[in-house]
Amino acid sequence: MGKSRLEAFSDGVIAIIITIMVLELKVPHGADLDAVKPLLPSFLSYVLSFIYVGIYWNNHHHLLNAAKRVSGTILWANLNLLFWLSLFPFATGWMGENHFAPLPSAAYGFVLLMAAISYSLLQHFLISAEGHASVLQRAVGADWKGKLSPLLYLIGIGASFSAQWIAQCIYVLVALMWLVPDKRIERTINQIES
Amino acid sequence: MGKSRLEAFSDGVIAIIITIMVLELKVPHGADLDAVKPLLPSFLSYVLSFIYVGIYWNNHHHLLNAAKRVSGTILWANLNLLFWLSLFPFATGWMGENHFAPLPSAAYGFVLLMAAISYSLLQHFLISAEGHASVLQRAVGADWKGKLSPLLYLIGIGASFSAQWIAQCIYVLVALMWLVPDKRIERTINQIES
Amino acid sequence: MGKSRLEAFSDGVIAIIITIMVLELKVPHGADLDAVKPLLPSFLSYVLSFIYVGIYWNNHHHLLNAAKRVSGTILWANLNLLFWLSLFPFATGWMGENHFAPLPSAAYGFVLLMAAISYSLLQHFLISAEGHASVLQRAVGADWKGKLSPLLYLIGIGASFSAQWIAQCIYVLVALMWLVPDKRIERTINQIES
Amino acid sequence: MGKSRLEAFSDGVIAIIITIMVLELKVPHGADLDAVKPLLPSFLSYVLSFIYVGIYWNNHHHLLNAAKRVSGTILWANLNLLFWLSLFPFATGWMGENHFAPLPSAAYGFVLLMAAISYSLLQHFLISAEGHASVLQRAVGADWKGKLSPLLYLIGIGASFSAQWIAQCIYVLVALMWLVPDKRIERTINQIES
């Protein structure tokens, strides 16, 4: 089974997720500054989620680039990741509309956490299929970012209920940590080829 | 006529269907647990529909993989399948918002039934075009899953009006039955190739 | 310039148009038959529009299949067609929600008319680029369907203001006329190849 | 890293943006002319934005056609462009619904400005990756359109607060200026090939 249709489908779903999130930014009825001011938290949530979905697309791109075989398990691990990514528009809208209130902030962190776990699962199944001596395994390496992120999300979820701004800072921090594209895979492939 | 554009178009439509379903999960105005509790049925409906659309994408993928020729009839049989799949967001939203009430549950079952029939029709036309000695015919085989599902959906539709939870159980059961990816086609292709 | 990205972009836009039309089918708040009955006109409009967009995708597929070169003019002629197709969700929703009232019916006919004219324009520019002795020119031939449809739409628009059901019949009739896939191009290509 | 998946993802996002903008054209509840008249500004805004997004797709197409290498920086420069394009539906809806009021007109101009700057940045990084003697650099040339547009947008933003119709005229003017597809790149490639 070819991986190209899996890539195309994932790209389609991720492209739609990243774009329909903007629909949660409801057009205000007024035309003055007072009408847009309450939208600021929604806008900031949108920016953060756009970056997160961008990161996932980016890393998904690298991950599948290094993979060769696609099995039924991998298809479902991929659909599981897409499921959690598909909850971004809801979680973003809820957190933004309620100005980073405790429960929506925790829910946003929970969606981030589940997406991170799903991504790790997908990576795990891809490596299993490729073999532990594969390019992918060597490229992923110790994967400290992938192991640290869920922990940080958990702290963020906990912090949501006591100090929301700490939760937000953690979510931004993890995004920044990943914003640097995942050069490990690229680098390792280049090393092996040369 | 190439089948690649048919695959690409179907992938696009299915990717959009699976993603816009989440828009029926309306962002609640409150920020506490009471505000999200009423969303639970909508969320469960969304999960079930996400799995169903995932199954259709998965099997559609396998089905067209085994096909070689695409005719006008096949294009329209495919559009017919996409039409019924496009009603998933509506049926899911209606069932979820009304907490699995009888009529919406039956309507959901009806959309599942029509999608199953449309898929069988598409499979039938593809096999006709390939010939009955084709890889596809041998891969599909007796197709007991494809024959059993419509019957189960019919029982589910009937059960909606007397005991809704039986209808829901049946819908979940059929999903689980298909969740196992359709290995017949994959296996037969591998056998023939070796 | 390759035509593959033009095809991919058009497929994407058409796939989204055909799918977001279903969002105009608003999920009713009630769970009984009385709640869905008023949706019947919207549903019928959706079915008709789904078929129309399907026809356009189908014929667009054939048209570009026969084409070889893509110029700036063709890109814009294509975007012009996509623009009018993008108004289908609006026109469909307006006509359905108002139960085929005169003005929305006429507006629907107007969008059909403009899409037909835009399609003819795109076909014209493609033939110009290919040359009049091209496969495409011979395949399109006299194009009586393409010349008859705008006339019928005009009659439909006129009829909307006096007898709405005639307008609807005409719109359905033209759809049926085109539902038969455009075998001319396919046939001519086959003839030339053999 | 191949540029084909970047092109496919960008096409997907741009196709969705150009299509969901039409969702801001809310279906009116009445069926007479008085019900649609207030939609005229929204419709005109939609037409203008459709043309702008069409221009971006067109030029993005040309730009990546001439490019050969895609790096992590280019992926993020591209996502940055897509982010600003994704704000078109919001900005278009806000300006249209408020009949070209000062603040929404300025906001629309600001989104145009940021998209233009992001496009220039993407072009800059692509040229850097290709080298200054590359086809792309020679094709882009002095890029007077790319340098003039931000200035015109700035004037438009300023004019929004005193004479809104001047702002609108400027936005239309810049669109017309770009409507002529960017033949530089096409021409240069042809020259080099022959």
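Letters A, B, C and D mark the chains as written, and numbering starts fresh at 1 in each.
Rule of thumb we're sticking to: a contact is a pair of C-beta atoms (placed from the backbone, for glycine too) under 8 Å apart; a residue touches a chain by one contact, two chains touch by 3 or more.
What you see is a predicted model; the values in this text were computed from it and never measured.
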| item | value |
| --- | --- |
| Shared chain contacts [chain C and chain D, defined touch] | none |
| Size of the rotation, in steps of 5 degrees, that lays the CA trace of chain A over chain B | 90 |
| Chain whose mean Cα position lies farthest from chain A | C |
| Same-site or different-site touching of chain A by its copy chain D, using the half cut | different |
| Length of the line joining the C-alpha centres of chain B and chain C, rounded to whole Å | 26 |
| Inter-centroid spacing, chain C versus chain A (mean Cα positions, whole Å) | 37 |
| Contacts with 2+ other chains: residues of chain D | 8, 12, 16, 20, 23 |
| Pairwise touch network: line, ring, star, complete, or other | ring |
| Pairwise chain contacts under the document criterion | A-B, A-D, B-C, C-D |
| Of all residues in chain D, those that touch chain C in their complex | 7-8, 11-12, 14-16, 18-20, 22-23, 25, 27-33, 36, 47, 50, 54, 57-58, 61-62, 65, 179-181, 183, 186 |
| Residue ranges of chain D in contact with chain A within the complex | 1-2, 5, 8-9, 12-13, 16-17, 20, 23-24, 72, 75-76, 79, 82-83, 86-87, 89-90, 93-94, 97-98, 101-104, 107 |
